[in-house]
Amino acid sequence: MEEHLQKSRTLIEVLPYIKKFYGKTMVMKYGGSAMVEGELREAFAMDVVLMRYVGIKPVVVHGGGPQIGELLRRLGKESVFVGGMRVTDPETMEVVEMVLGKVNKDIVSLINRHGAKAVGLSGKDGDLIKAKKLSLPEYEDVDLGLVGEVERIAVEVIEALQAGGFIPVIAPVGIGDDEGTYNINADLVAGAVAAALKAEKLILLTDVQGVLDEAGELISTLTLEEAQALLDQGVAKGGMVPKLRCCLEALSGGVKKAHIVDGRVPHAVLLEVFTDAGVGTEIIG
Amino acid sequence: MEEHLQKSRTLIEVLPYIKKFYGKTMVMKYGGSAMVEGELREAFAMDVVLMRYVGIKPVVVHGGGPQIGELLRRLGKESVFVGGMRVTDPETMEVVEMVLGKVNKDIVSLINRHGAKAVGLSGKDGDLIKAKKLSLPEYEDVDLGLVGEVERIAVEVIEALQAGGFIPVIAPVGIGDDEGTYNINADLVAGAVAAALKAEKLILLTDVQGVLDEAGELISTLTLEEAQALLDQGVAKGGMVPKLRCCLEALSGGVKKAHIVDGRVPHAVLLEVFTDAGVGTEIIG
Amino acid sequence: MEEHLQKSRTLIEVLPYIKKFYGKTMVMKYGGSAMVEGELREAFAMDVVLMRYVGIKPVVVHGGGPQIGELLRRLGKESVFVGGMRVTDPETMEVVEMVLGKVNKDIVSLINRHGAKAVGLSGKDGDLIKAKKLSLPEYEDVDLGLVGEVERIAVEVIEALQAGGFIPVIAPVGIGDDEGTYNINADLVAGAVAAALKAEKLILLTDVQGVLDEAGELISTLTLEEAQALLDQGVAKGGMVPKLRCCLEALSGGVKKAHIVDGRVPHAVLLEVFTDAGVGTEIIG
Amino acid sequence: MEEHLQKSRTLIEVLPYIKKFYGKTMVMKYGGSAMVEGELREAFAMDVVLMRYVGIKPVVVHGGGPQIGELLRRLGKESVFVGGMRVTDPETMEVVEMVLGKVNKDIVSLINRHGAKAVGLSGKDGDLIKAKKLSLPEYEDVDLGLVGEVERIAVEVIEALQAGGFIPVIAPVGIGDDEGTYNINADLVAGAVAAALKAEKLILLTDVQGVLDEAGELISTLTLEEAQALLDQGVAKGGMVPKLRCCLEALSGGVKKAHIVDGRVPHAVLLEVFTDAGVGTEIIG
Amino acid sequence: MEEHLQKSRTLIEVLPYIKKFYGKTMVMKYGGSAMVEGELREAFAMDVVLMRYVGIKPVVVHGGGPQIGELLRRLGKESVFVGGMRVTDPETMEVVEMVLGKVNKDIVSLINRHGAKAVGLSGKDGDLIKAKKLSLPEYEDVDLGLVGEVERIAVEVIEALQAGGFIPVIAPVGIGDDEGTYNINADLVAGAVAAALKAEKLILLTDVQGVLDEAGELISTLTLEEAQALLDQGVAKGGMVPKLRCCLEALSGGVKKAHIVDGRVPHAVLLEVFTDAGVGTEIIG
Amino acid sequence: MEEHLQKSRTLIEVLPYIKKFYGKTMVMKYGGSAMVEGELREAFAMDVVLMRYVGIKPVVVHGGGPQIGELLRRLGKESVFVGGMRVTDPETMEVVEMVLGKVNKDIVSLINRHGAKAVGLSGKDGDLIKAKKLSLPEYEDVDLGLVGEVERIAVEVIEALQAGGFIPVIAPVGIGDDEGTYNINADLVAGAVAAALKAEKLILLTDVQGVLDEAGELISTLTLEEAQALLDQGVAKGGMVPKLRCCLEALSGGVKKAHIVDGRVPHAVLLEVFTDAGVGTEIIG
């Protein structure tokens, strides 16, 4: 019985969060360990389904890194990386698109199995993600091939699905005005989708604790200015740099809050959304 | 952190119940200790608000016993009881209606304070409860005065309020075709409202553990037939008799399940709806 | 037959008024003789029902003066009045709320009996009337207790009921941000509700002929400026002062016209709305 | 003042009728004196506008007799009548259609001038009246030409206009599956339209007192069976025969009541609908 | 088979036009040969029906010139023309209205026979065309009688019919605030209706090739400025002057493009809307 | 000009078909040459876009045969075929799903490039295709692995997309109640989807002329009974057998007509839907 009473208390403690986020959209970048380890996967799916049932409108954007490498290897294609990005020739792009399509449906099934109705989308569906060739000033003379960046998001297909009660799950493939297919960083897509939907939250699931300060300690909360300073002063390094940039862009695009959370913690999303715990860093717009 | 993880686990355990009851109506008879003791009151209000936010449509029906007696006493009016019912002359009825009106608004405020929007109704509002003089075969020769029973429920006003996102809170006052005002037992009103709304659940909050068997042990689950047998064989006694009868009527009127729960346990409703614990007896239709 | 022809002529004479007010909201302060004398009560109810059927959206706000005093007396509580207002301690407030609740349902029944569907509301329902302690510069050092003034009106519950075809009947009880219950002057509530709904008309039913000039003659029509002058020059006296003030506030809040009418004339509202007769004073915004 | 009070009383007496007919459709056959005499015309238009404003949905069907004859005469075309019907060759039909079109717009303007929005329709508009050549057993060997009878009514255009708040005014011209234009008796069209709309009332405006019994006395009320008997026994004669038949057909098609009223009485419709007077004969289905 | 393949190719060539005009309103002035010659009439009706089925919202405005003259002649009424306009006394106006009503229903039937649902309107229906006496500076001292110009267009009735899937067909009869009936030039009505509906296209069907230059060659495309110049320099002459003026007014009223097309070519509208051919002159706003 | 006139004539000839199919759903199985040859692909996409713009609701179901074989070969996986079906182990299924996902997005892009908005779906999206292991009586002792058949179609996601104006493009991947992924014959999926949507037409694009009789001549039209006879008598052979069966099932499931058309003819769908030509065999339900 005590256990049950404890349960009631928990529900009641969560109530203020439920009220606060009722009817709001949250965009999650799903990737890393949370996408490959069995238990973490199940936990993530439950989190998404729970969000939907307590009145939140979740949107999932996913990557597909390890699986892509594996299929390329099996097909005997070696990948070259420049600045952390895979140089993508048309043949590689085809493999990327196939793998992302498969990963997309796996996530859709995973969520459906837990009792909601997810529908997978690539950026080609309903012209959701219009893309163009990524231009990186620092690699001006390298041709990255079909690596793209978001040009604009057409939210109509997302809205049609949400109106029908479905949860959109998005693969980061863009379609160019030149009809080319582009491989886009999933964080960037999540940020752009969140901004286009004026989401309440952008949540990036990562395989690190969050943003660390110079002493290597986790920073719980950052203002937009503080986050910018971390970038300017070079405190943020490596993979954290594009993640922070993407959060800042989302915030200036109208998103209320961005979160970089530790996807290795089960139910990290739930903890971030429904408790004061927080399992990472929040950046306030 | 462990505490937070525990919280997540709880939410996830509750998810199947949330999915199951999404969009369903639940009618609660609110009374007894749960209505008078401070902490229990707060807990009940939170339960109702939580229900609404996770997609359930709660309807509250309340009584007002102790407060009525008190005001009558202060006005120097002595009450006579026959078969557990207060003989109600017009002057008494006026006091009953005033007290129930006050109690109604107290409950409305209580719920609103916890973040939902409740609206109080008496059976006169929108002709919600059409009533007639109670006819009790066993007290044929006693005039109980303005004690009534439900003739029909006009759900339009409830539906108009639910469409606007409001939680109806109902005082058990009926209006006769003879334009008389009738005092009706709140359990009966709750049962009739639940049947008229084809509710998923009828939940009667009481000050006892639930239905007891001959050995005085709590019975967790009863079928309609078993409940009928308890009545027929006289195992159910006293105040439990009308409660069981009202549950049986609701079930035969289309309600899925009826619950007689112990309102002295904080968050009894939550426990009953969202856990396997159960804090009383459920009767399955 | 002549009688019937006369009837037709009357209907036709009324047609321009019906066209003019079709779909408009009118807020009536109901009180005084019109609320206590049998025939006047019936006449008022018919007027309200007729209004609804010819396309007007009536809203009724009522007081409850005499009945409150009576119950207080029976409970042995003496009332102190300051500046025409009853000093209201918590115990008095409880009695006020009970009486107003009873009066509210009586009016609801009265209207329903004539064929419309009324629903009673207190300011607590749907947080309709947010109130605060009345601050009166002239009685700075007197504590009037729980006498309040309107802080804001939340029209959602009114609109939900009107959308369902119901006529709202409002008791002038407010709820504070401090969760306190406040007793508010019904004229003030009617004025605030009319302003919040941008009503076509605010109609105050009184027990006087209307606004009188210095010679004691009835003034049929006043502009906003003229009404202000009557206040400034002290021509308006006693109970007429707050009524005029409330009309002026409603008009500056967007109400088209305010009427102070003689509720002792049967069907005073009908006469005011549907004929050129007028049974009191109109103030044009 | 007394006059104004009288007005109020009239409105209140009318209220039960307004409640009863709220939201109901009434189809009126408009013709005879009511269509040609100035004052009667104005009175009819006011009646229609009043009906619309008190929540009734009026539909007007009109004839055009005298005007047709006049234009034919001016064009030097002599008309032959068989069994009360004009033998209609194509050239005559053209004149009929032109005159009815003009009459239609006159009625539309008349109603609009009194403050509603009428829209004229012929049976060709939206294929409203599908017609076929009238077959009269008693005149088997006479070719009446383009005299038609109703085959079916397509109510869509009426409903589209009513949804927009417009009052349909219908000229009795039908369109054949053979694309021919047919002149149809306006009473028949009114009856068929009333049946297709499941109208509350069919009201035929005539230039007689109503249905008379053998002694020449007005009959106020007839049952369906009594009306049939009057026809069978030959008591009903001349122009009354088709009118009675058309009423009987409408009643068996689902119309609640049919009225044959004296259009020479100003506001005859109003008297019939809103008073107990009645200015003709009602036939109860 | 080759023929069928040709058919497919045609459909595909037309697709870009269908996409471009999907959901757009086009107002056509229908008159001249296209209205009197059998084959051209059928072709026009098919064009209108096709437009509706491929998602365009057509509105037809028609004149009635020759038929009016004929009936006047038959009635022995001589018409006087001033500046190309018929001096219209009340008796003439009556004839005009009757003829236009007949013509209107003929067009309605014509369109319906080809499978759409048309509904005819005069400017009196729903007060569609409010008119006033035409004031022509150049004929200041001549009284043209009931010749009118458009004062305002009330689009509600058009929109109610379009919402029901109907095609409005409009006769150029206006109703004055003085309740007078006015005969208005159909081109002017078409232009005003197009402007009021913010139409995609205004298409005037004429009996000439289009706008000619000084050398008598057809001009395919004109800018607003070039069209104005043609008027200013007197290159446009005779009946083309009012047509051009009406196009310019429509364009400045928000219409995208105006077309003066040769109605003697079968399917001229289809050619203009769905091919690059063009059979006349387009004026670009 | 003659060419343009020819165009008009074609549009007009097509009009009856457009009217007939307005608002109807048509399900197309897309595959074979029409899916791999450049010009045929473009022609198909145009056909689908045209259908949508003339009011038809197209749904596309596709296969992916050749591409699957190619990737399997590149991955060094040999396929075994039993009864025309690929034995599908989990690893093969993964490849199948990846390839179908890629093919799906190619078709989506192809259609979008021609001006409509397509959205790709697999049977996992919104649990669209619930599948189970295919049971083939004739191969009882062979385990075909993850080859499935349709158990039920959940049309909600299709309807949500159609409501938003999108064209659904479906890959024939099913999801089992056992959460397994199943490879299903695309013809079967098209048939089941058509039946679930009560489609007007099921159109199977093939690489043969149509159904041939014993003499090898094309049969233009078959009744359900005749088609059954062809199967029973063994006249239908090879790949035609399952196609005919699938058509018969669709017809008995409520589809109006099924077509087996020659996808090697450009615009075969257009020809079949909009002309009398027909490029294959139609089977009438």
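Each chain gets a letter, A, B, C, D, E and F, in the order it is written, and its residues are counted from 1.
Just so it is clear, contacts are C-beta pairs under 8 Å (C-beta built on N, C-alpha and C of every residue); 3 or more make two chains touch, one makes a residue touch a chain.
The structure displayed is predicted, hence computed values, not measured ones.
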item	value
Set of chains whose contacts include both chain D and chain B	C
Chain located farthest away, centre of chain F as origin (C-alpha)	C
Homomeric contact chain A-chain F: same or different residue positions, threshold half	same
Chain centre separation (chain A, chain D; CA means) in Å	69
Inter-centroid spacing, chain E versus chain D (mean Cα positions, whole Å)	35
Whole-Å separation of chain centres (CA-atom averages), chain E against chain F	46
Geometric centre distance via CA averages, chain F-chain B, whole Å	56
Per-residue overlap in chain C, given as positions that touch at least 2 other chains	none
Pairwise touch network: line, ring, star, complete, or other	ring
Residues of chain A that touch chain F when the two form their complex	71, 74-75, 94, 97-99, 101-102, 104-105, 108-109, 112-113, 117-122, 124-127, 156-157, 159-161, 163-164, 166, 173, 175, 179, 181
Residues on chain E engaged by chain F in the complex (per definition of touch)	1, 4-16, 18-19, 22, 43, 46, 49-50, 53-55, 114-115, 265-267, 270-271, 274-275, 277
